[in-house]
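The two complexes that follow have chain A in common; it is paired with chain B in the first and with chain C in the second.
Here is the complex of A and B:
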């Protein structure tokens, strides 16, 4: 199975991360082929809120990546001839009491030191910023850089841009497995035949663990389920992305049972999206109305007026979670020619352009603008010699 | 949280299937809870006129005699004007969550959720005055109001005839009844068609009655014709009738007729939301969008303790629905351990009558298939989703951009994201996307959600959706 040469790089996954990688690699002069068993944004990209956030990142390497990515989204928004509804609506992290406000302020100070714009709001300012919030809240941190976009439009638009830049799209095609080629590169077997390339980028989101296994490697990505309630359209009732101060704690909470935190925001069509929940339940998609009850109860604590607003539907999906809550970006330590762009958990939309920039720099051997070290897949590899002890 | 009401058998849907199931189960000694979104019993077929706001109107007075006992039966608790927004399995049975905030615990569930009309969009279908035959019939039966003075009734299927006859009898001028399918001699030779049609003389007689009512008033009956557009300044003023090519991909004759209303429907699609929430096995419908619940001879579904009756198991008409309801009510009673003296006809004879009704329905389905080329009458600017005003051009662009199924198209175009959640546009969209993407109906999927079967206030969700 030598495999014909299909492209310089095969990107597995046509979600937002895969689409950004395809565009970045194409623009770097590589011949790119995108393979996905579904259509554009057929998995996690379509199952979230389209978050482009800096507010929910702890001060550290992920925040550096998020700040870079935020700038890249603005650039993409202005240079691509399409509207993916990028909107810097701003984020409000609200606290119920002085203790929560202290924790919110502490995180904000450390984020500000890394260049995040953040402003403290007392109860009066908060009521002016978001008049329908519950009156008994203690205050908030306001993050003007927080933005959102419509991820399906963005994915389709980026894939179209990649296509114009010469990338080939193979949608509805399943990548079954592959092996490293002698010399350099990899051979991939798909439902449409055998493909060969100098490099393979694994951008399969929550399925990237399976993809890695099929390609002879392992990465510790687990699906983490989330559900969102969607309301009927309303006239502008919620202006920002508003979330509870314990959201960041819920992200890094590793409980396999339910971790919930209220996140409420409006979409351009007027519907409100209400999240967020995190559960390790494998790929089980059975409806869980208890989770919906918890989301609704938490959302009502923030916005009491929601009590009479009707929910029309829910959707749920699976985030690609990594054990240390940092994305997994870079060369596979075991299989030459295999690269990973995954493990973003709920931040993949926001981090996609900077992830793609890193991947393109690493694959083409140039210097990336953000230190890739903390995201390297090799951080999970067993220490040298450890393998012999078992 | 409010303590849940506890019953032996919960019946969802107050049409012929649901009423028959409730009667059968209470006749065997079950405590029954019957839920329907309309304030009176009867469903679409036996819809009663709704006269008063507030409580006080007898919910059974206008029903056929055999159902009136449900109103005074101490074993039956009616939850009318309320919808089940979610159903789930809990320890010892099932829990139904109602939009009123109540919840009902039951040992067994009978799904009699019925069906929604299949609408194929056409230019002008979003004008006031364009509606489904069912909407016109509901106006007439529920409020005693005529949908319009000059009406075109069109689409496909046997339901067009009673609607047109009802309008004529109530004083409307029916400009034409247009059935899109054409009865060709070869069709009667297809397996089962002739036998199915001849198996139910009563049904043929019923159809003949409607036809003669229409012919007496000289209503033109057109076969092979469809409404392909309507237009008007602020509401329907003119309707285009076209004589369709065999696969509907165009027409060789057309004429514009003056009308203030057009009622267009192409049959029905089972309402599957709650069946899905309960994990019931389903089967695709041959050549038609949507799916139907798979049931055994006693109307049991693949989920133990859940039974289904009526159109949710496949479109077979009111008479079959009632027989299925009877069987489902008996089986549900048996499931919860109530098998006392069995009133009513013996099960074997019910099944024989049901088999005849079903073969009639299968034969009718063979006569009226949807032509693959129907999208030929859509224009670029025709909205295919009225809630979100998604145009036909946008749907084509989405498939061109790589969307391969309904969810993909919804994500790129917002079609199906509005208030009705694709209940109106979803089935037609499935047909259209399957055609554009060159895939089967089963492959493009549908838009039915599983968690919220009906819009529900967040306060109700917060109040009644506890941990499972």
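Here is the complex of A and C:
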């Protein structure tokens, strides 16, 4: 079976990251096959908020990737064959007191030095920007580049474009395991038989740790659950993505129990989405009333009018968390022919196009526009000769 | 109030009669009205779907209250029921 050739590249995962990779690799001239055990956007991509944010990134490599990705989303918005509701609604990071405002301003300064557009708003400007906010807030940082999109529509549009560029979709197919071939490439066994390719891209989100194990490698990706409350549709009441200043702290919080921070935004259909929470509970999808109550309490502190608004439903999803909160993008250090595009946690929608651009450049041996070094999967591999601490 | 006592209410400009113990939805259906709002985007007719307060399909506006679930709300004498704009309350 070593001679079997299904495609130049097999992408495992038809979520937003896999779909972006499929399009970028197809447009780079590769013959691409996308394999997914469910369907397009069947996991994490359908269970988030569609965030394309620069505001929540610390000044560092992830922000560089986010800024590049933000530009790529604009390009995709004008060329994908489907409207995916990309909207630069802008982000407002609000502070309750001077101490929070100092921390928000400090982060904003460091982000601005890397090219992020950010403006500080005092209480008066904040009330004009978002009239229904609680009146006692100290101010905000306003990020006009923050955007959102509808991830299921975006995934469908990306896959349609990849299909036009020659990619094949194999849905309902489970990748069970695989091995590197001598020479180059990999052979993988699936529920639809054995597939072979020069390269395999692991874009399986929170399941990418499992996929890596099946392919003879290990990457430290764990599922981290986020839950979201959905309100009844409202007249335009919340104009921006509005979140508490401690959201960034919650993103980088490693506590296994629970990190919560209010994030409130309106969708195009009029419902409000209220997040955000981050829990390490494996793949347990049981709704957690305590978490939902905490989200509601925090959202009420920002928008008191929500006390008169009903929640229609709730959903939760699993984000692919990496130990250092940086995505895992690049060649597997142990298995030749295996590439990873995962570990984005809650930022996968925003970072997907730039991730795919990196993967396409690395797989085809061209120079990527963003330094891939900080995202290399080899950062988790023990140095040669080093003692393994388990 | 005795079960079954007549209650007058209006739907849009029509004067209708329901019975004590009716929900707004059951009173509308008893008056032969099976659809009482249109979807916001597609303009498609909606009335009772789940009947137990979960689907939010049966919304009506009643007086100053907006987006009321007709299947849960007991009918009251004098209710002014109108097709809902299907959006909840906002504003100070």
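Just so we're on the same page, the second predicted complex is superposed on the first by the 384 of 390 C-alpha atoms of A that agree within 3 Å, B and C clash if a C-alpha of one lies under 4 Å from a C-alpha of the other, contacts with A are read in each partner's own complex, and residues count from 1 in each chain.
Basically, a contact is a pair of C-beta atoms (placed from the backbone, for glycine too) under 8 Å apart; a residue touches a chain by one contact, two chains touch by 3 or more.
Please read all numbers here as calculations on a predicted model, not as lab measurements.
In the three-chain model built by superposing on chain A, chain B clashes with chain C. When the two complexes are overlaid on their common chain A, residue A:289 makes contact with chain B while staying clear of chain C. Once chain A of one complex is fitted onto chain A of the other, the partner contacts of A:311 are limited to chain B, with no touch recorded for chain C. Using the contact criterion defined above for the overlaid structures, shared-chain residue A:79 touches neither chain B nor chain C, since it reaches no partner.
Of the two partner chains, chain B and chain C are each touched by A:232. By the touch criterion defined above, A:42 lies against chain B but remains apart from chain C after alignment on the C-alpha atoms of chain A.
Look at A:159: by the touch rule set out above, it reaches chain B but stays clear of chain C. A count of residues in chain A touched by chain B and by chain C gives the higher number to B. When the two complexes are overlaid on their common chain A, residue A:300 makes contact with chain B while staying clear of chain C.
Residue contacts after overlaying the shared chain place A:172 against chain B, while chain C stays out of touching range.
Put simply, chain A uses residues 231-233, 269, 308-310, 312 to touch chain B in one complex and chain C in the other.
Of all the residues in chain C, the ones that touch chain A in their complex are 40-41, 56, 67, 86-92.
The part of chain A that touches chain C in the complex is made up of residues 131-132, 231-237, 269-270, 305, 308-310, 312. Remark: chain A residues 14, 38-42, 46, 152-153, 156, 159-160, 169, 171-172, 227, 229-233, 269, 271, 274, 286-290, 292-293, 296-297, 299-300, 306-315 touch chain B in the complex. Residues 86, 88, 97, 277, 279, 388, 398, 401-405, 407-408, 411-412, 414, 417-419, 421, 449-452, 455-459, 461-462, 464-468 of chain B touch chain A in their complex.
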